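The two complexes that follow have chain A in common; it is paired with chain B in the first and with chain C in the second.
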Partner chain A sequence: MEILTKRYWWLGLVFIGALVLPLVVGEFWVHVAIEILILGLFAVSFNMIFGNMGQLSFGHAAYYGVGAYATGLLMVRASVPLPICLAASMVAAGICALILGYFCVRLTGIYFAILTLAFGQLLYYIIFQWYSFTRGDDGLQGIIPPGALFSATYYYYFTLFIVTGALIAMWYVNESPFGYTMRAIRENADRTRFIGINVRRYMLINFVVAGMFAGRNWHQSGIPVFMTVIGGPLGFFGPMIGSIIYTFLMAFVTGFTEYWPLTIGLVIMFVVLFLPGGVLGLVEQKMKVFRSRDLETRGDRSAETGSS
Partner chain B sequence: MSGEVILNVENLNKAFGGLQATDNVSYEMMTGELSAIIGPNGAGKSTFFNLITGYHAVDSGKVFFKDRDITNWPPHKITRLGIARAFQVSNIYPRLTTYENVRQATLAQQRRTLNFFTPANRLAKKETMQLLEITGLSQQANMISGNLSQGDKKRLELAIALGSKPELVFLDEPTAGMSGEETHETMELVKRLNREIGLTILFTEHDMSVVFGYARRLTVLHQGAVIAEGTPEEVRDNEEAQRVYLGEEA
Partner chain C sequence: MDVSLLVAQSMSGLSRGMMLFLIASGLSLIFGVMNILNFAHASLWLVGAYFCYSFWHLMQNHGFGMWVSIPLAALVLAAIGWVIEVVLIRRVYERELPEQLLLTYAMVLILGDLIKLTWGVEDKIIVRPPLVDGPVFFYGIPFDSYFIFVISIGFFVAIGLWWFLKKTKYGHIVRAAVFSREMVSALGIPIPRIYTGVFVLGIFIAGLAGAVQAPVGSITLGMDMDMAIVVQAFCVVVIGGFGSLLGTLVGSIIVGEVYAFSILFWPQGALVLIFIVTAVILIVRPWGLFGTPMRV
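The block that comes next holds the complex of A and B.
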């Protein structure tokens, strides 16, 4: 908590801003904000695998999808109450991640990425072909959220509550010995074996945990990747920042052109070429320059005036 | 504790393609030993360590640690049993701080790496600081370890290995890239670890003054095979050892 209060005071401001948002903007932007929150959470969970474990997972949307279908099917076919459905979606996504992860963590690098992509596609076709159960590409009809959630504002607060809770939990995981162990595996898997850690098992556990947090749109496997690249993969909040930029940009750009994929492609190219650490990386770099300048001026004013 | 066999290697073989990297090597170590393996580049020293610690699978032969057959066990299990190693090319977590590097080994040793909810910066403080202090890295604790000097990286390697609280340690050229002063300090530390806490240590080294100054028993490898073994004096007087190795140096 100490770190949270000292270094991340601005998060409190962001949260207060998020709380008052529906009072100051129209319904359209409330929907945009809901999208940002959901996709942001998805991207942060994706980054548990990409940023922390150092592996690129294209199958992450699968857990999102499995979670969404688990919720949807339970509501439509079994009329299970929403909170139980949400818990069940996490369990379903976790189980799916466990099965996929069992195979995927045997590989690393490009092979890991390709296998996750293949599994993601496999699930995609199962869902769309298994018409009798999932209704295929007609989608699930008749998902009726509890009355209160019909209102955009209430739905927004509901989402904010869930996403904030999940972010706090993921933050703790990130700072825990387990989180550091994942970074250790990213940095040097061999060394990690030689301090007595079963690397494959830890990767699988991480895969499952990340899958559970991901657990709702398909053929969108690239989205968390884009968000993470834009925001910055090495900081915890990078993907969330990426989600804000991506969703706003999409809402804005699609207003006057249909060439959204082209636009995002150019943005990604720009970021990869000129901002390898993403937006968060840029901010941190500027902060560092600012801080060290601050120290220099305090420490040795004469030298600074002399040089300038 | 000394006097018991801690490590027993029987007829170990390993070939990479046509190259016999380890050729029918048998080796025994007693608890409390401080010994060295020497030999020219490519003699199979690192491969020997890699076979014992589970990094490579053996072609044939057996490895026993305290009478337990650990042949072809995975590295993490061997480490947990009490064998740690420091690598020849420093093998650290370059984007983590020195402190975080050592803490990771300590957390693993304390079986705390499956803890999801306690911030890591509250755990294993005392043990980590202690390891940094004995390896002389306290001042560099908060540095990103990739920016450390070559000598400090090797010391960090040693600190990570000690973090596993091993009974037997393999040090692959522990002083590579160090100045004379640093080499002396590091080897004195190795000697203290051996004498004071009874750590059994096997190291490889190129610097002959280090080898003869610290190792109590030497084994000479050449083209994967053991060609001489004994006290430093015996090895110095061994003709074959002189011919293939010591002679080349002189």
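The block that comes next holds the complex of A and C.
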């Protein structure tokens, strides 16, 4: 725990920074920050499948959509209060992930990617064509948040609270024996199976947990993938960093050109070809070089800093 | 509902299926040999359609315009495929699957915007030459003559590919590379050159398909054409089985016909039905109808 607090002291600084942010920037940037938080949570939950399981899920937007529609429909049609809606949306996304995951975890690699893509498209078409229930491509209008959330600042704090809570919960899942088992499966599924672990069941649980956290919050399925890749899939906070870079870049670039896909396409191409670990990977690599130099000069502190 | 409508609909389904075959066969070949799933395949197909339009536009006062534009566009696409393979794909041979998928997905985004920059967003229309315009009659049932042209191109390519893979020396090498690239490499055959050749061939067929598709209706980027078509081509390859030419042909015809007939009976459900069929096949028989089971 001591090492934990030593290594992650900067998180406290980030959190304090996030708390004072609305006091120092204008309303536009508060909206950008809300976007960063929501999409960042979405990307971190996507990375539970990509980073932990080593599988590329193209259907992750489906849970995001199911969660959003569950909240929206409950509020518009049944006037259920917001906190209950949010809990219900998690359950809805979790159930959805349970059903889809039951089939998806039977496959790996390319087949996993295609099946999640097919399921994602299926849900997309159902939601957009079931006009009487979801109002199709008109979208759900008239979702009125409780009075206090009208203000950007309050909405920001509400989002920050929810996202922080979800991140802490996911962090604990990640650092639990379950999280280690998942990473063992990623590295070598056969060996993990040999020591008596039901790989499929673990993958399914992981799938459901990841789906539930995505449901908390309809976008193109690519977004969490891009954020994760830019930030770095191997660290827990990589996707969050990716979300910050992606959202800022988008707010900046779309200001003067409509060719956003071209820009992000080139960025992704650059990252895949020259920066395989993402921004976080680059930082860690540089830190490693720095640390090893540090070790050479001091020579005796290998026990504490050696592992990373 | 009379017979002629059913026959006409099945012809339109067959024509759609052959178009999907042209796209999916290259996709399947590239995946089978190089183990790379090319998300950008349908984007390149669309680029082929736009090139066909541009060539036709230059020669529109001549009757032969379209007939010359189609092979020209396919050749241009083969050249583009060569550049993409040498500059980009070659760098990720040894990488993991998600990185390869991301690279080709980034190409989808880049190509989509490059099309917008080059050809604009308005629809492009090619006027068909009289030979393939209007209906032809068989036993009093009208067929769109262009559909017959599309179907025959599809069958020619299918037979050509079959002949290439089964009867020529290079085809044997390609099939051997699917089976064991180490062994092929050990026999002194340069694997990168085989990969480049296969990629160029796949993109050439995609470009040909795009050029042939161009005069069917208007060419447009709308409705996310590139992604919609590539996902359907994935479905075809999954249903037929990766690496099986016959499977790709049968899968294309199934998807084309399912689409054509559900348009008739349940218009909104056409794509939903195709995704359900694909999901079921993936779950019960992931190697597809004609593929061979592999280690999952």
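Here is the rule we go by: the second predicted complex is superposed on the first by the 291 of 308 C-alpha atoms of A that agree within 3 Å, B and C clash if a C-alpha of one lies under 4 Å from a C-alpha of the other, contacts with A are read in each partner's own complex, and residues count from 1 in each chain.
Going forward, a contact is a pair of C-beta atoms (placed from the backbone, for glycine too) under 8 Å apart; a residue touches a chain by one contact, two chains touch by 3 or more.
Since the structure is predicted, the reported quantities are computational estimates derived from the model, not experimental observations.
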With both complexes overlaid on chain A, does A:A93 touch chain B (first), chain C (second), both or neither? neither
Quick one: is A:V225 in contact with chain B, with chain C, with both, or with neither? Answer first, second, both or neither. second
Once chain A of both complexes is superposed, is A:L107 in touch with chain B (first), chain C (second), both, or neither? second
Could you say whether A:G179 touches chain B, chain C, both of them, or neither, answering first, second, both or neither? first
Check the contacts made with chain A and report whether chain B or chain C touches more of its residues. C
Look at A:V32 in the shared chain and tell me whether it touches chain B only, chain C only, both, or neither; answer first, second, both or neither. neither
Contact residues of chain A, present in both the chain B and the chain C interface: none
Footprint of chain A on chain C - complex, ascending: 31, 37, 88, 91-92, 95, 97-99, 101-103, 105-110, 112-114, 116-117, 231, 234-235, 238, 268, 271-272, 275-276, 278-279, 282-283, 286, 296
Given the complex, residues on chain A that touch chain C span 50, 54, 56, 103, 106-111, 113-115, 117-119, 121-122, 125-126, 129, 222, 225, 229, 259, 261-262, 264-266, 268-269, 272-273, 276
Parts of chain A lying in touch with chain B, wherever the complex brings them together: 3, 172-173, 175-181, 183-184, 187-188, 190-199, 202, 205, 209
Listed in rising order, chain B residues that touch chain A in their complex are 53, 55, 74-77, 79-80, 84-85, 87, 91-96, 100, 103-105, 107-109, 112-121, 123, 160, 163-164
